[in-house]
Amino acid sequence: MTTTLTKRKPILEIKGLKQYFPVKRESLFQPRQEVKAVDDISFTLFEGETLSIVGESGCGKSTTGRAILQLDKPTEGTIKYNGVDLNSLSKKEMRKMRGDIQVIFQDPFASLNPRQTVRKILKEAMTIQKVVPPSQQEKRMRELLDYVGLPIISLDRLPHEFSGGQRQRIGIARALAVNPKIIICDEAVSALDVSIQAQILNLLKRLQKEFHLTYLFISHDLSVVRHISDRVMVMYLGKLVEVGSKHQLFQQPAHPYTKALLSAIPVADITTKSRERIILKGDVPSPLNPPSGCKFHTRCPLATELCKAELPPMIGNEGHFARCHYLQ
Amino acid sequence: MSKEVVLEVSNLKTHFSSKNGVTKAVDGIDFVLHESETLGIVGESGCGKSMTSLSILRLVPSPPGEIVDGTISLKGKNILQMSEKEMRHVRGNQISMIFQEPMTSLNPVIPVGEQIAEAIRVHQRLNKKEAWKKAVEMLELVGIPSPEKRAKQEPFQLSGGMRQRVMIAMALACNPEVLIADEPTTALDVTIQAQILKLMKDLQKKLNMGIIFITHDLGVVAELCDKVAVMYAGQIVEYSTAEQLFTNPKHPYTSGLMSSLPKLHEDQEELQTMKGNVPSPYDMPKGCRFSPRCPLATAQCHVEEPSLNTLDDGSQIRCFLYSQNIQQKGVEAE
Amino acid sequence: MAFYIFRRLLEVIPVVFGVTLVVFFIMQMVPGDPAVILAGEGASKEAINLLREELGLNRPLYVQYGDYIMNVFQGDFGTSLKSQQPVLQEVMARLPITIELAFYSTLITIVLGMTAGIISAVRPYSATDITVMIVALLGISLPSFWLGLLLMYVFSVQLQILPVAGWDSILHIILPALTLGVGGAAIVARMTRSSMLEVVRQDYIRTARAKGLKGIVIIYKHALRNALIPVITVVGLQFGALLGGTVLIESVFAINGLGRMIIDSIRMRDLPMVQGGVLIASLVFVFVNLFVDILYRFFNKRIELN
Amino acid sequence: STSNTSNETAANESSSEKKGGILKVVRLSDATNLDPHFITDIPSANVLYQKVYETLVTFNKEMEIVPGLAKSWEQPDETTWVFTLNEGITFHDGSKFNAEAVKKTFERLLEPNTGSPQRDKLSMIKEVNVLDEYKVELKLSAPYAPLLSILASNEGSILSPKSLEENPDTLSKHPVGTGPFKFESWKSGESITLIKYDKYWGEKPNIDGIEFSVVPEEATRLAMIETGEAHITDQVPVTEIERIESSDTINLYRTEGLAVEYVGFNTQKAPFDNVKVRQAISSAIEREAIIKGIYNGVGTLANSAMSPKVFGYSKNIKPYEYDPNKAKQLLKEAGFEDGLELTLITSDRKERINMAEVIQSQLKGIGVKVDIQVLEYGAYIEAVDSGEQDMFIGGWGNATGDGDYNQYNLFHSSSHGSPGNHFFYTNEKVDKLIEQARKETNPEVRKQLYEEAMTIEMEEAVYIPIRNYEHLAVYNNDVKNFWLNAVNYLMVNEATIE
Amino acid sequence: MTSELKVEEIQPALTESKTSLFRERMKQFWESFSKNKAAVLGGAIVLIYILVAFFAPLLASYDPYEIDLTNKLQPPSMEHWMGTDDKGRDILARILYGSRLSMGVGFAAVTFGAFFGIIMGLVAGYYGGWLDTIISRILDVMLAFPGILLALAIISALGPSLINVMIAVGVFSIPLFARVVRGSMLETKKLEYIDAIRSLGANDATIIFKHILPNILSPIIIQGTLRLATAILSAAGLSFLGLGAQPPSPEWGTMLSNGRDFLFSAPYMAIFPGLAISILVLGFNLFGDGLRDALDPRLKS
């Protein structure tokens, strides 16, 4: 396992990424408050792999994605793509670079221009990044629609004429249109029904193989994550709590939060209805006012005074690391 | 079941008309919902799940959409014939809805707490302060940390999952008799999802609430639903109890769905998929709408449209494979 | 926020420079010599030269401007060439009147304009909508002095229930404020209507309906706030324009406002007065727009300040 | 109601002796300055003239010079004038009126450092000597016939010596004189209030005070008179006179003025350096149509650049008859057979724009194409002063009522440009005649000289006389016994309010 | 990745369908536009005005410049449908001829103002920061600047001419457009689909003009159509400065303000030019609304 990992070429390196959002103060005299949406995370994405980010809602997954895309300027930290610091790029270079890193957004309703037909949306993507000569565009568009399972007639329809899942597929087609190297899939398949989801997942896998694509896959659906990922990263309250290969993580979860997550997966199997579950206690802490020490201590069944006082470091081996004082 | 019927939908048809023709988004749907019962609706994206639920609240965008036929009766009263004022009383109070798209369904410029409190105030005699308190409680209930602070924030300041939980809190705030949840947990992580599902179950027990749960997460369906309607291209193709569905899926589409699921405990290189695509709404295939994609389709399937037949075990299937054991019973199978 | 406001206020300094510089050079460029105009009919060239010297107009331009701007930053806006009175005093005598008039007019603009816009938007393309729209359009193509004279004729001369002109009591304010308010109301009405029409199609309006809210609540609370950005902009523009003074209406109702002062001073080529008037008007504009920007942010938190 | 003819006081003489009340006057513009030595406009002077300030001599309704602060005067030689002053007069600030006060006033005016724009008018005064407490002597550098008329004008106002000494700068906003009214307050841009001066030496006015308010809009001023919000307004739109005359509640007062309006030629610029062209244009304009059509009959047809009320007027000057054929003929002679294109500039006064349009249309008849250029006041002044104009519509107000102030400024070759000779007219003979008239003491001879000069000017067609001004005022039934003098100053000493 | 994947045969009628689809869209646009009665009415009004401007000499039965003082202030009659003005000229003839001038000035000024205003507003709103600061403050100054002074400056710099009047009035309009555009831009640029197009690497121009501008068109259309009226009126206000149409040009705004002296004695002197302006503006507003609705996909069908 170790050997394969080291051999791989890092394509995206994130170091010490922080993204804080200011929060409105109630009065002038209150101290300045911030949401630490992403609080000092570092990880490396290797070429050709799928790295998933899971974690509870609001833990900073989308924010991480947006920071990588340079949609919001990160508060701190560097993002290197193929060794180049994205921050150091000129506007023009950055624009070119964007073709390599694509995104499929969580919310398909908001991410399509209501005035553009599908044809325009796709065509524009191809034209901007100049990936397909105009004469080939029409053919390519049909291909793309076919990949994502939309009828050809969709080309001349407008986003509001589609259902949620259909819109998501338009978003996927748009991302694929520019032949990216990395795709950040922010809940890209959450809105899809299973049959399409299966198609899309297969498609993503196939594309990955054929074109050596790299995915940063953000999802809650752990079965999907398990299916698609090579490695999985677990986030909690803006911090990384566990990272490891799919097998390491699903078979020997180290962090108590990961364990709880795994046990909560709903299973499409009526017989296992009364399965043993780790039900987390305590309130979900707020990123506005995160707990001291280990961020998870308020809900952790194993928490001790130590956890309250000290932030545990990432420890582990063979590419499997977790942030807990009490790793077995 | 001896429980009272709260909502009965029969032959509901909602069509969209446009230059290119008529989209039959919902094309003759029947189902009943009892109190304390959860009905799951699953199906291909675009098959009309959301439109069915919007039709129940009479919120289909019109024009171009229109409910062209059918009845929807809430405790015996036909919603489609209610005055706008009566309808206001129904909405948010007797039937409330969690919308699929949390970003655009929340007013971008009003603090989320206010949006919940407002729903409470129209239907309950509470003053501003009390309603606000209740709203904050609701946010807490759906697992939003620091609810007092979050209540004062506006939707864009919340993450996708939080927004969805706000929607849920809003829908549950008035203790409705019927809750329509349109993919309420898609954006939630599993621990929160579990929490929410538990909350819904608890509330259901307490209030005898009937729930229509639209999702494509079959895991959630298995966990939560009593009955399931599987929709395909505007029609119900299979309607049965959850147990029957998961132990013995009958319609080829249903079994196709089941097999498309990624497995949690085994590695698959490729997921199983159904061939082909959802038919274009303007260009419905002749005969059975699923026939072009059906691995078991026969010649008959391509010309003749099957009807919804009730089987011995009470489930209803729209497929010629099962038409041999047609039983002329009512829709009610229990 | 406090910092933001502070920073915006600092921007006043370049505005002062910009305004004074532009006014100064335009006034130099424009034909018409203040000394000649002030000297009056039949003045000899010597007399004019003497006057020019007296007024300091024969100093090099950069000296004139430099002196002026130095004095401005010390709070001295110079003295009027014409009346020899301190400019600041003259401006300040008129500013409160102008602000009061602008305030009431804008109030009328908002009330009339938004109401009409909302009524139109609730039933687009209905008879009411079309009527409201036509009235609004007549309102905007009817020059304000006309409306003013008409109102004066009806209410003051015929009915004798309001005073003709002057600025002593609230009664005096009614007609001019109404006249000015109606003009602005037309554009506000049109903006409100169209902006509302965009908003009522949004999903969150559906959500509001699903909650069982009354139509009127949906309109006022959910739709209006989202529709407000372009409306606030035009109201701000309107208010600002009124603060710069409205020569015609000030003339019709004999209101001693900033607008008339500036125009009279331009005609007399009374540079310090023009400078002072325009400067104050621009400062007021800077404040109004700061306020508008804060309002944007108030109504839509997504909008970032700075 | 019916209008008064000129020189009659308004309404009936048998004033029912109602005393008191504040007279409310509404007018177009505010004063700009209240120091007579710096005043160059009528709205400012009108506030003060014979109300706050008085002059040594003054005009009566017939524009004749009569005693004022000076009881009598004599002229021991051509360049010496001695005035005997009235006694027992005090200024509003309590200081005494005497020869010293007169001396201080004129010395301030004549001091170049004062920078008075009016200095020119009296610069011929070499020295002012106090002969005794109530006798003052003016020594002139040369004989100067128009002196009395200037002393009778606003520039001749006698200022409080105390103010002059202590704080002359405040005079611009706080005048102190000897008149029947003392200054009360000035709200810049809004109103000026005067109140009755109890220790006034002469006949005390009936009213308690005057309030001059600024109301720029004509229609508003009329409405205020109609509703009784004000008593008198002076500038009145000529288009409204029928309505006013037929009204029961408001009345029109008309009186002949000192000013004239004319169309001027730039005599130094081609083609107007050619007298034939000027004559041709002069013959092509039908002036009666303008008086009637544009001015609605307000004012009279002018025959020269001098109004009948001005000293030196002559009715013997005959302007060119309207004769388009002759005009065409003259043009042909001048070499403009195929017509001519020229620019007519005018200031933005409504009536003048209208006049320009009519002239344009009339000249079209003889094949002259006129471009009208309307200019804002300042730009207009600059244009006519600079001599770039072809043809312009101009006017000459005459605040002193003497022909010198008319002829010297308008036609003397030393007055080119700003002093008033916008025709850039140069004629040695005319120069001589005007200079001579200035020194001539015999009024009849003076008149003769002016007539001669004006005849030449007319022969040379330097300008086309159009209209003698008529001043209008509208007042309501409450006010009686005021009058407007020929300069358009409101005279209220006998006025009463009901 | 184009060729490797198996795709069904591409339909042969590919290019043909493309052009016909464009035609289809145009047809749809026209259909939704023509369904809007008010918009069609507006379009018709505008068209009629343009025709009138074109054929004014044929339509007018009097010389609009012919002064006849004996015939002044005639109320409307069979002979003079709209009466005569204070110099005896036929008002109808003047309005007909004036349409060229007034519409020309109105259009040109609004176009000028809109062009620069929109660009300034877009740039300020989109980039924010110091660019916004600078542009916004310039706009503040422009708004506070007395129009007359600006006009005087323009004449003294460029000389008096009709074109310069358009520029002058256009310059007054710049801040009006700019501020409206900036406000809407601040709102729209935060939408997620803008992020989406940004992450595709679209350059700013594409984002601004293709994705944001169409979505903020409606306040621009309104500002533009309404500004037309004020532009015509303010052009009249400048003619006395020597800027713009000089007498006896039959410009509507000037006719209207000349009518002011006859408000009660000869109201027709002002009413007719006033109506001419109102109806034109009405036409444009209706047309603009229809245009906006037809361009809005969400309103389709």
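The chains carry the letters A, B, C, D and E, assigned in the order they are written, with residues numbered from 1 in each.
Rule of thumb we're sticking to: a contact is a pair of C-beta atoms (placed from the backbone, for glycine too) under 8 Å apart; a residue touches a chain by one contact, two chains touch by 3 or more.
Owing to the predicted nature of the structure, the values given are computational and were not obtained by experimental measurement.
Both chain C and chain D are touched by E.
Using CA-based centroids throughout, the chain positioned farthest away from chain D is B.
Centres computed as Cα averages put chain A at a distance of 48 Å from chain E.
Between chain A and chain D the centroid-to-centroid distance comes to 88 Å (mean Cα coordinates, whole Å).
Rounded to a whole number, the gap between the C-alpha centres of chain A and chain B is 27 angstrom. For chain A, the set of residues touching two or more other chains reads 24, 107, 109-110.
Shown for chain C are the residues that touch two or more other chains, namely 30-31, 145, 149, 153, 203, 300-302.
Each of the following residues of chain E touches two or more other chains: 148, 152, 190, 192, 260, 263-264, 298, 300.
Residue ranges on chain D touching chain C, taken from their complex, read 26, 29, 32-33, 38, 40-41, 112, 115, 117, 119-120, 169, 172-173, 187-190, 213-217, 219-220, 223-224, 226-227, 229, 376-379, 381-383, 385, 396-397, 405, 409, 415, 417-420.
By the touch rule above, chain B contacts chain A in their complex via residues 18, 20, 42-47, 50, 100-104, 140, 143-146, 149-150, 152, 157-162, 164-165, 183, 186-194, 197, 216-223, 242-243, 246-247, 256-258, 260-264, 268-274, 277-280, 282-283.
Listed in rising order, the residues of chain A touching chain E in the complex are 66, 69, 71, 94-99, 101-103, 105, 107, 110-116, 119, 124-125, 128-129, 132, 136, 138-140, 142-143, 146-147, 152, 155-156, 158, 160, 171, 174, 178-179, 207, 210-211.
Chain C contributes residues 202-204, 206-214, 217, 221-222, 225-226, 299-302 to its touches with chain B in the complex. Against chain E, the residues of chain D that register as touching in their complex are 218-219, 237, 239-240, 243, 289, 292-294, 348, 350, 353-354, 356-358, 360-361, 371-376, 379.
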